[in-house]
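Paired with chain B in one complex and with chain C in the other, chain A is shared by the two complexes that follow.
Here is the complex of A and B:
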């Protein structure tokens, strides 16, 4: 129901994996002597890190390390933040045509919560969540419906299509562009109800 | 409505790699700040730089490190390029009226849901004492225990029940049902 950064993850994992693979295999090829004919520095007895202490003693080294660390922090944090699933919920729904003659607004969760509540009234449904995406004129509905194990998924889908969606469209005033229904089966047989004894 | 039927997003390797990047950045930052504050590098860092200076390409430690780096790289590439199994299966949905949905109604059921449905169907068959199921979008594996010594007819009955359950649930394409039965004496 929520959107994950699958494409971004796969792209960055490929890039980082390729860099590590080339470095590792390159070093092993040099160590085996296969690259010795290309350059004397690639001879297997050559010391590739010669002068490491000298580079470390350069006055610009701490600044360079701070810059590299800052870039790594930026990249790492932004990648980590992108792992948070996104809802891409619709903004406030605007029902009016001309604001000079009056304004009618509704927050998208008000509509989606009402639809979810409607779905929860269906037989065998134990819980439901709805999410409205797009806009009031181009609405897209995503439903996540938990049913008990005695339910037939297709029956629930049919009931949503025939009874819930027409009512939702009536409330919204325009047809949905697309509707997605994700069925989850749970062993829980009852809806959770609260009873308050006073 | 592509997001409904998706392959694994590879969140775990992405989180692991980004945490490694942050740890590396913290180490670099700490070393640089210590150098600026005290005027000298950590003794371990200086010693490490001196010891690697003379190491050839073929130094055993360096070759092991290179092999580890290459293997990690290969694993990341496999993680990135292997598509992974779908986490949901399609469910047949009716063609909606244009006045209700202009595009289409796309319905899916989670593979965990398929397994639960299969277990539920198998559990209703007489002679089944325990059931565990697992599922992908293409196949469902039902492992059951029974006190019966002759299991062939029970396996056929359970398979038919699970197939009927999948058919009634509108799962398509119909998953392949495999049933394994083990005899377990009731105490």
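Here is the complex of A and C:
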């Protein structure tokens, strides 16, 4: 139901891994003396960090280090924020054709709650959650349905496809471009103190 | 309508009344409707549509609950004889939300003009909830 930052994490891990791989291979080649012909500092007997103290003693070095640290902090915070799971819920739905006559608005959770309540009326379903994504013209529906141990998952999916989705489409007025159904089996049961028989 | 200047319908020696004429209308006085009146007329008209619900209960406007049998909440902004309505309502699920709200818009535009005499220019609708049906249509056997 929630969007995690898995893709972002994989992309950055790949970048960091490649950078470390290149540095490691370069270090290995320099240590073995294979790069000595490119630059004297890369000679096996050379001391490449010999001039480092001259750079570190520069007056602008503390300011540069503060800037670099600030950039790293910002990058870290940005990465942490991206780790927060997001629902990517649809924005407010608009049903009006001509705004000059007035607007017709409905929040997406209003529709999701109605669909979830409809699913909960199915046999063996103990709880349901729905999430509407996309837009009013191209809606996507994600359902998470908890069923008890006696349920046949395929029957539940069929019932959702044949009874629940047509009602949802009728209410919304447009077909779903994509529907995802997640079935979760639970030992919990749901009891009701009343039943509709007619 | 009783006209005091003529002593009643067809009264005495006075010239015959001109019910819609400028001379008589100046003597008939004015009818002023408060915003609340237009709001209640609009709310009642909307609630008469089967698939529309409102909110009820609560105390001093707080804690109101969705009630398919209640009247929707309507607010009116009057500018001269022109009204702009904002209505918050519930729609019966799975009725087409676009169709029901369009019906509300057409019905209110027509009936509020008829009953209150103000021209409805714009109706903003916010669907606050979708309900499964009216409790009045169900019988509970204990």
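Here is the rule we go by: the second predicted complex is superposed on the first by the 183 of 198 C-alpha atoms of A that agree within 3 Å, B and C clash if a C-alpha of one lies under 4 Å from a C-alpha of the other, contacts with A are read in each partner's own complex, and residues count from 1 in each chain.
Keep in mind that, in the parts below, contacts are C-beta pairs under 8 Å (C-beta built on N, C-alpha and C of every residue); 3 or more make two chains touch, one makes a residue touch a chain.
Worth saying up front: this structure is predicted, and the values here are computed from it rather than measured.
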{"item": "Superposed partners chain B and chain C on chain A - clash or fit", "value": "fit"}
{"item": "Which of chain B and chain C A:171 touches, first, second, both or neither", "value": "second"}
{"item": "Touching partner for A:72 - first (chain B), second (chain C), both, neither", "value": "first"}
{"item": "Contacts of A:102 with chain B and chain C, given as first, second, both or neither", "value": "second"}
{"item": "Apex chain A: angle to the C-alpha centres of chain B and chain C, given in degrees as a multiple of 10", "value": "140"}
{"item": "Touching partner for A:118 - first (chain B), second (chain C), both, neither", "value": "second"}
{"item": "Touching partner for A:187 - first (chain B), second (chain C), both, neither", "value": "first"}
{"item": "Per-pair minimum CA distance [chain C against chain B, superposed on A] in Å", "value": "12"}
{"item": "Complex contacts: residues of chain A adjacent to chain B", "value": "1, 3-6, 9-14, 16-25, 27-28, 30-33, 42-53, 56, 61-63, 65-66, 68-70, 72-73, 75-77, 79-80, 83, 140, 142, 149-150, 152-155, 157-158, 160-162, 165-166, 169, 175-187"}
{"item": "Touching residues on chain A, where the partner in the complex is chain C", "value": "95-96, 100-106, 110-111, 113-114, 117-118, 167-168, 170-173, 194, 196"}
{"item": "Residues of chain C touching chain A in the complex", "value": "85, 91, 93-99, 101-102, 105, 122-130, 132, 138, 140"}
{"item": "Chain B residues touching chain A - in the complex, by the definition given at the top", "value": "1, 3-4, 6-11, 13-15, 17-19, 21-22, 24-26, 28-29, 31-33, 35-36, 41, 45-46, 49-50, 52-59, 62-63, 66-77, 79-81, 88, 91-94, 96-110, 112-114, 116-117, 119-120, 168-171"}
